Amino acid sequence: MVNPVLLIAVPLGLAFMVPLIDSASRKLTRFVPVAALMFNLILCIRLIPAVLENPIVINLGGFTPPFGINLFVGPLGLLFAGLISLAGLVVSIYSLSYIKNGPVVKYHMLYMLLLTGATGVVLTGDLFNLFVFFEILCISSYALVAYHGDRAGIESSIKYLIQGTVGSGLLLIGIGFIYGIFGTLNMADIAMKIATVEQSTLFVPMILMVAGLGVESAIFPLNAWLPDAHSSAPSSISAILSGIAIEVGLYAVARIVFTVFGISDIYLFFAFLGILTLLIGEMCAFAQSNIKRMLAYSSIGQIGLILFALALATNNTVTGGLFQLVNHTISKGLLFLSAGYMIYRSGSMEISSLNGMGKRMPLTSLAFTVGAFSLVGLPPFAGFPGKFLIVSGALLKGQMVINILVGLVLLSTVIEGTYFFRVIQALYFKDGNGERKRAPATAVTAMITLMILIVALGVYPKFLADFLSSASSDLLDKMSYVGSVLK
Amino acid sequence: MTGMEILLLVAFGGVMLTYILGRISSSLRNTFAVVLSLVLVVIIALMYDKTGETIFYRGFFGIPMSFRIDALSWLFAMATSVLGCLSVIFSLSYMSDRKNISFYYSMLFLVNAGMLGVVFSGDLLSFFIFWEIMSWSTFLLISFNRGPAVAAGLKYIIMSIIGSMAMLAGTISLYTNYGTLNIADLSHLTVSASPGYQLFLLIIFGVAFGIKNAVMPLHTWLPDAYTEAPSPFSAVLSGMLTRMGIYGFLLIIYVVVGAARFLHAADSTVSSFNYVLAWLGAITIVIPTFIAMLQNDAKRLLAWHGIGQGGYMILGIAFGTNMGVAGGIFHTLNHAIYIVLLFMSVAAIQYRTGGVRDLNSLGGLIKKMPVAFIGALLGICGLIGVPLTNGFVSKWMIYKTLISGRAPFLAFAALIGSWGTILSVYKFLHNIFLGQLPEKYRDIKQSPFNMKLPIIVLSSTILLFGILPGLPLRVINKIVVSFGFDSLNISLWGIVSESGMLNTINLFAAILAGLIAVWLFFRIGARTIPVKQDDNYAAGAAVPRDRYSYTAKYYDPLFRMISPYLKDIFNTFYMKIADLTGYLSNGIRKIYTGYVGNYVMYIVLFISLMIFVQMKWSPW
Amino acid sequence: MSFLQNNIYYIGAFGLILIGLLIVLVKHNLIKVIIGLSIMDTGINLFLIAIGYLRNGTAPIFSSPEVESVLMVDPVPQALVLTAIVIGVAVLALALSLAIRLYKHFGTLDLRKIKELKW
Amino acid sequence: MRSVFSLILLVVIGAGVVFTLSSIPFGSTSSDVGEYYIDSGRADTGATNIVTSVVVGYRAFDTLGEVTVLFVAAIGLGAILAAGRENEEKKKAEWEPASLVLYTGCRFLFPLILLFGAYVFIHGHLTPGGGFQGGAIIASAFLMVYLGCRKKRISKTWARNTESISGLVFVVTGLTGLAVGGHYFLSNFLPEGTLNTLFSAGIIPIIYIAIGLKVGSELTGVIDDLIEESE
Amino acid sequence: MIIIVTLIVAIMLAAAISVVFFKDLLSAVIASCLVSLFASILFLFLQAPDVAMAEASIGAALITAIFMIALRRTRRYEE
């Protein structure tokens, strides 16, 4: 059996090695992330059968869980790890040609470490360890947002940094409270002991932790960094931030709220929060004329939708939410990647500057169109099954409040459709000028891979549904989580 | 593989193949397109009188997706494929000098395939999926012409998404309640549904289909879309695509909910829904028809008539007797035939005049383009419902239903509609074909053969169905029976019923006799001398030779009288909503002020608000 | 006095945290905001250590192998704080390098004037 | 106005915190995990400094992450400063040379401080201190040289290679544990030796030395980058 | 003992608050250095010598140095 700790250790080791490799051969460094993420992807795929049978619990350093740190590789964690490797691989291939200027070696190191941090967050079973990996994720994204060193990048990076640091500070205070109350940092251990403490005591730590993680996961009042950072980062990084970083944040929120605390009184509140995030994100995106900002706000909206789905906490909705999450990673990645080259060619982020791109860059425009269709939830693309599952799960609950929220979800889809179709019209049905020029082969490879994935998932969602279903029970079934960690 | 699977495979496979062939050679693509559309017609024709259902896919979370064929879907599929075929043939020369023709053809086939998928769907899931495919591919075609078409396409797709979201909600609600989406199963299961739930289903699906069929308050996408789309596609759009809404109404009211069983029970909620729907249909007849009268754009005029005629169909279907439903379905078919014919005639003229469709700048083309004239003439005869054209039969059936169903106001509304139709389409015919020929059109040619062919085919169909309505009515009767109504008594020549019957052969004889009499009268007693058109008395002033049009202000006093009442207030209303959404969004995004201290403030505010609520009320 | 005895460290810790937050909220000079973040970090560290304290405990170090386990303070928060301090300095260094860049681009550190990205 | 509003919000948060703190009385909480570490830390890891046994033994994975955080920050800082530097012309500021006393003092003190730093991290498992503290002390030695001797610079490649080699040592030690030491990442595969001697506690000194070098070189690199920037 | 601690806490908080009011950023940096320094003394009181060492060497020394380098490059006084 392969050991899941390699998912973190190998990219980390390779990242440490990059300066040495770099002094040996300049060209080789660019391919290090590709190799590392390929390795991770293969590892994830090989782990699937074992994980579906039983979650793998790795005790690091050989100390049993409440005393040592453990990795918990359940279906959910593996789903995220696989998604991170997949998106990371595709984007790293894209970056090969997209990132040409600036300190390229440092870019690839930071990029790899960002993904390592994300993998660590989703696999760890220890609260403080989660914080540490979260910091890796955050700090590398601060640096990557400012990668180009231009005005916008630096400005958004510093704003992101301030908010992110406040958020992680709050998270650390929450962890401190939790340690003070329970005397342990192991999530399974805390989950087991949660019933021994009066509920009201746990409120402040929980809200601090949710707020801290919420900053990264872009839940409504905490997400002000997102549009700036996503719009001014290099497009490959925007794709990763949108597709991986905020999802991982959401994972952490869900893990803490559902598995660790698991007190169902608060779930409905999160459903409302999700809808609020969804509506605000979509409406702000509606009013944008800058394409990357529009995509960024749309990410906020999608996160709201996923949060709503997770917060309903039934197997169906969580499966749907996870499906939507997978879809969002792939589609938004595709959108950012294709938009990246279109912006590169046209030299401006205004939607009007993309007029007539359908003629000049047909494949890139097609990629954008497919991504947009998928995100809006049109069949036969990957967005539809997710939306279908979410709505059906929510209606199955049969509560009037939730039915109304579902109505709002559908309403927001209309808004989302409007602004995406506006861009598609600009691409295809408005006249622009410029010469016809293809995106480079690496970028095309990346986009075609994602397009194939979108269509495949849309046509045959069952492929993922079973796995997602066990992932959702991994998230919701607190007892089996506790049981498998603390044998 | 059953026939339906092969059919859909051919339809969707053709989309790709058309595009790929288009990259190779345009003539190859054109040949392939014609062959493909003919193949579709043949396959569907071979399916006549079959019923059955096959599951074709379980990959969507294990929900079985199936195809189903019965008389209803066969009729719609046949109409779709034939009109699609004619539209492709027509496009061959109409689109020949445009850009992106491969894209045009493949999207046309995609729309067609989507419609075929919709009508052959055996469950609501595949129905929804094909419906969506149909919707977004339509969107890509409506904006094909660029310019103002962009706004039209956006309007269309927004309303279309609203409709499909409503449909999604309804579909999923059915799924969560009954655990299946198979239409046949659902029709048994919904028997026990509460009246409230039935009403909910009808309303939520009604929104979706009402938008597609442009029922009055939901119609605003249609005029722009019809006007701006490429003309051969406008024909498909108005002939079949819009009428998928009618198919949907039939499916939801009479198949899924099964309203025929209890429609006329005293306390049925469904009957009140249908009553409201019938009134909406009546409004949809009257107002758009009169708005049509105000139009000076040939396609826009036809578009408004498209809405108005949709009202007749709704009226017939909603009234819910066997005669009414049959009339509604028949009118759908007839409308498809004559409106496609009219659009094609307009398109032929556009083709030769370089895209002109302004009624006031055309005229006198009758001698230049006689085929188009005959097409337009027969088309408007059908539209009005002149006896011996197909429109007459279906309108007769609807009138008869309304009168024998004691709904005088509805009947009156329908009648008013017909009156308005006559006024406005006469203007249409006159301004294009009669009157004076402008100088610049002195030497335009006949339209090419592949444009004439569809016009001739459709014109003869109008007469055929007008004289022998029994042909389509047999199929329609089967549909009506399958809904649970009593069978109609149909002969090849018409309909036999207890209170008054329709016999078109008698009519034919009478009208023929009348025509002969009139012809003889004028032939024998002719005392006229031909004068030139501009040989006119104009208060002493010389009449301009080039442009003498006494039709520029057609019906002007009438316009001045009615036009203040005929503003499209719904369009204004929706535009207001869109503006409002824009303002609101613009306001909301102002919360991201750009000052990072505020952003941190939001974080702190969030936490302290939570803590405050918790400490004050302790809800947790 | 017993109130102080029981709460003085908590007061100190949360005093620092809240003052740090206050600085971030009301000051608009970037350097000051970063100082605020650093003060907040210090406060958090103090809070964590205070949680692990055991009255009359000794430092968790066995100065000779013979010493039996006496009353010792909890070592876990200390380990956490070691980590947190290093993370703090990492973020701080990054923030200051960004501040230098920002100053180069905008010629000011006043966050109210750095609002090119908004809405 | 703004500050008053902020104060109100912070007071509310403070109230929530006070409420929660009432269930964590100061100075009397004891955690099972902490007690376990104190009781069996020596036996498990062989370090007499229990904090060290937690940092490098029980929670070594955290430490790996933490080293990575510092690494990320150092690279990120380098990237940000480098990205901006590309598009501006180099200008060399004139440094006022340091006085002779300062110069000599710095040069004299520098090896001593280095030695002290090394001592701190080598004895991390025995006495207070460890890799982070030692690394920070080493970095401050370099800082002193930068400030006092002005013109001295450490070689960039040297620092970078130290950084990556020591990082690699950490990871490879962990992977070796995975390979030979009972199939756990970062598990101890070396003999624990006798308590309270320098060569004891298995892999802990190795890791702490690696950490010390890494932290030292990274912080030095950070300072170097910043100073270079400010020239 | 408790009085000393209280005094240290008071000074520390005073130093922290003074950051709000200093116009000279260098003074603010020094104040934050003081905060770290006193915090490290408190760590010592709380029986955490490791942390005290780390805070003194990193928090008080290195961070202050980095701040000062940054201040050299930017602007010393708050606008």
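Every chain is named by a letter (A, B, C, D and E) in the order it is written, and numbering of its residues begins at 1.
FYI, contacts are C-beta pairs under 8 Å (C-beta built on N, C-alpha and C of every residue); 3 or more make two chains touch, one makes a residue touch a chain.
Quick caveat, the model's predicted, so the values are computed rather than measured.
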Touching both chain B and chain D we find A, C
The chains touching both chain C and chain E are D
If you tally C-beta contacts across C-D and across A-C, the winner is C-D
Taking mean C-alpha coords per chain and comparing to the overall C-alpha mean, nearest is chain A
Outermost chain relative to chain B, judged by CA means, is E
Between chain B and chain E, the Cα-mean centres are separated in Å by 76
Rounded to the nearest Å, the gap separating the Cα centres of chain A and chain B is 44
CA centroids of chain A and chain D: separation to the nearest Å works out as 30
Whole-angstrom distance, CA centroid of chain B to CA centroid of chain C, is 69
Where chain C touches two or more other chains simultaneously, the residues are 9, 20-22, 24-27, 33, 50-53, 59-61, 72, 76, 78, 80, 82-83, 85-87, 89-91, 93-94, 96-101, 114, 116-117, 119
Shared-interface residues of chain B (touching two or more other chains) are 589, 592, 596-597, 600-601, 604-605, 607, 611, 614
Multi-chain contacts in chain A, i.e. residues touching at least two other chains, fall at 128, 132, 135, 139, 142-143, 146, 149, 154, 157-159, 162, 166, 179-180, 185, 203-204, 207, 227, 284, 287
Each pair of chains that touches is included here, namely A-B, A-C, A-D, B-C, B-D, C-D, C-E, D-E
Note: in the complex, chain A contacts chain D through residues 3, 5, 9, 12-13, 15-20, 23, 58-63, 66-69, 101-103, 106-107, 109-110, 113, 116-117, 120, 126, 128-129, 132-133, 135-136, 139-140, 142-144, 146-149, 154, 157, 177, 179-185, 197-198, 201, 203-205, 207
Chain D partner, complex, touching residues on chain B are 597, 601, 604-605, 607-608, 611-612, 614-615
Counting only contacts in the complex, chain D reaches chain C at residues 2-3, 6-7, 10, 13-14, 17, 21, 24-31, 33-34, 37-39, 41-42, 48-51, 53-55, 59, 62-63, 65-66, 69-70, 72-74, 76-77, 80-81, 84, 88, 127-128, 130, 132, 194-196, 215, 219, 222, 225-226, 229-230
Given the complex, residues on chain D that touch chain B span 2, 6, 9-10, 12-13, 15-16, 19
Residue set of chain A touching chain C in the complex reads 128, 132, 135, 139, 142-143, 146, 149-152, 154-159, 161-162, 165-166, 169, 172-173, 175-176, 179-180, 185, 227-228, 231-232, 284, 287
